[in-house]
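One structure is given below, represented as structure tokens, and several questions about it will come after.
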Amino acid sequence: MDILYFAWVRERIGVPREALETKAKNVAELVEELKAREERYAVAFEDLSALRVAVDQELTDFDASLENATEVAFFPPMTGG
Amino acid sequence: MDILYFAWVRERIGVPREALETKAKNVAELVEELKAREERYAVAFEDLSALRVAVDQELTDFDASLENATEVAFFPPMTGG
Amino acid sequence: MRVIVQEAPFDLGAETSAFAIGETKMGAIVTFTGIVRDLAKTPLEAMEIEHYPGMTLKALEGIAAEAKKRFSLGNVLVIHRYGRLTPGEMIMMVATAAPHRKDAFEGAEFLMDYLKSRAPFWKREITAQGADWVASKDADEDALTRWEAKP
Amino acid sequence: MRVIVQEAPFDLGAETSAFAIGETKMGAIVTFTGIVRDLAKTPLEAMEIEHYPGMTLKALEGIAAEAKKRFSLGNVLVIHRYGRLTPGEMIMMVATAAPHRKDAFEGAEFLMDYLKSRAPFWKREITAQGADWVASKDADEDALTRWEAKP
């Protein structure tokens, strides 16, 4: 599974994307897995209310299923326009 | 005093403007004076709710004073934009 | 503030571009353009717009000044044509610049609502069947209550 | 419907003009343009816009399609830039064509409200003091409730 990071989430984690083998069933489980890996993940995912997530390039929630998902992206609230 | 007519008011009265000596104190009195003159005025001013009036190029009401006024215009509701 | 009343066509692209250039304190530009529509049952040949020359510019300037008073706006542009126009031709445009998008949108909507019912223009549609004055719409008059209700 | 995501500048005048031409069934065109504003306490050197290449176009197309579903619209145009922009440069524009002005305005406002908070762009302001990610505004999130309340 490809994990992508944007804006300050990318800066805190230090890479724009990485490939990961995971058994996480939903986004929240994936987040817990990442947080357990290293301090920089724990810092980036400290406050989930400040984060947004897209699964396979569709905005969704942290309880979204990862079944058949190939790409998950984490980022702060968007500031387009 | 110059009296101006626009759109279908102009068409019904038959002239775009005319000069008039009047002692009318307000617009309503002027309208009565005009209606008394000829049938075409009576027809044009039959339904005042379908008309608008400007005194000295400012939109106003039919009870507006004509003191010091030099130009009165009658026309249907505007359709700009 | 720039208010123009003219018979000649205007260049929407050039006007919009000139309006927006150099607005470094403004984050938002909104434009509205009105076009002669051919929606009559019988094909529309032309739209004739009559106006009140002595009053038109003054009325448009008054509406633009009121918009600047009510909203946080930078520059404001109003162009309105009169005379004979054919379907597809542009009748008029407004443009507003503002620090934030809400003021730019509301400023432009305010201008349009007042232009519709308070600027001395009268439209007549010409078809093969003859000429008909366009009736004012209750909806256009009602649109003004949105602004009258506000402080 | 035309949706463009690009790093290069766009020509607001040419785009607006091309959009409006030949819309004989549409009476109203609204455009919105966003400009890099220099309102920071320390002078703004540049605004950097990051985006999510795989998702951006899809997200913008989804927002534009939703606008066409909700309002009586003709053509819709969305252009959004990314990369490094300096103050006064145009960031993005939307344009809507509609038979009536209300739909044209509401369509453009809908597009803007969703672009602000639902399109994957992130802005960073660069000053002599350093770089700061622009925080999302509660007001932008709140703006969406206007559309969610509607059927």
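By written order: A, B, C and D. Residues from 1 in each chain.
As a convention for this text, a residue touches a chain if its C-beta (ideal position, glycine included) is under 8 Å from a C-beta of that chain, and two chains touch if they have at least 3 such contacts.
The model shown is predicted, which means the values in this text are computed figures rather than measured ones.
Where touching is counted per the definition, the chains common to subunit B and subunit D are C.
Rounded to a whole number, the gap between the C-alpha centres of subunit A and subunit C is 48 angstrom. If each chain is reduced to the centroid of its CA atoms, subunit B and subunit C end up 26 Å from each other. Multi-chain contact residues of subunit D, defined as those touching 2 or more other chains: 34, 101, 112.
The multi-chain contact residues of subunit A, meaning those touching 2 or more other chains, are 81. Judged by the touch criterion defined above, the protein chains link up one after another in an open path, with no loop closing it. Interfaces, counted as pairs of touching chains, are A-D, B-C, C-D. Remark: subunit C residues 34, 50, 52, 54-55, 58-59, 80, 91-92, 112, 115-124, 133-136, 141 touch subunit B in the complex. Residue ranges on subunit B touching subunit C, taken from their complex, read 4, 6-8, 54, 57-59, 71, 73, 75-81.
Of all the residues in subunit D, the ones that touch subunit C in their complex are 11-18, 20-39, 87-88, 90, 99, 101, 104-105, 108-109, 112.
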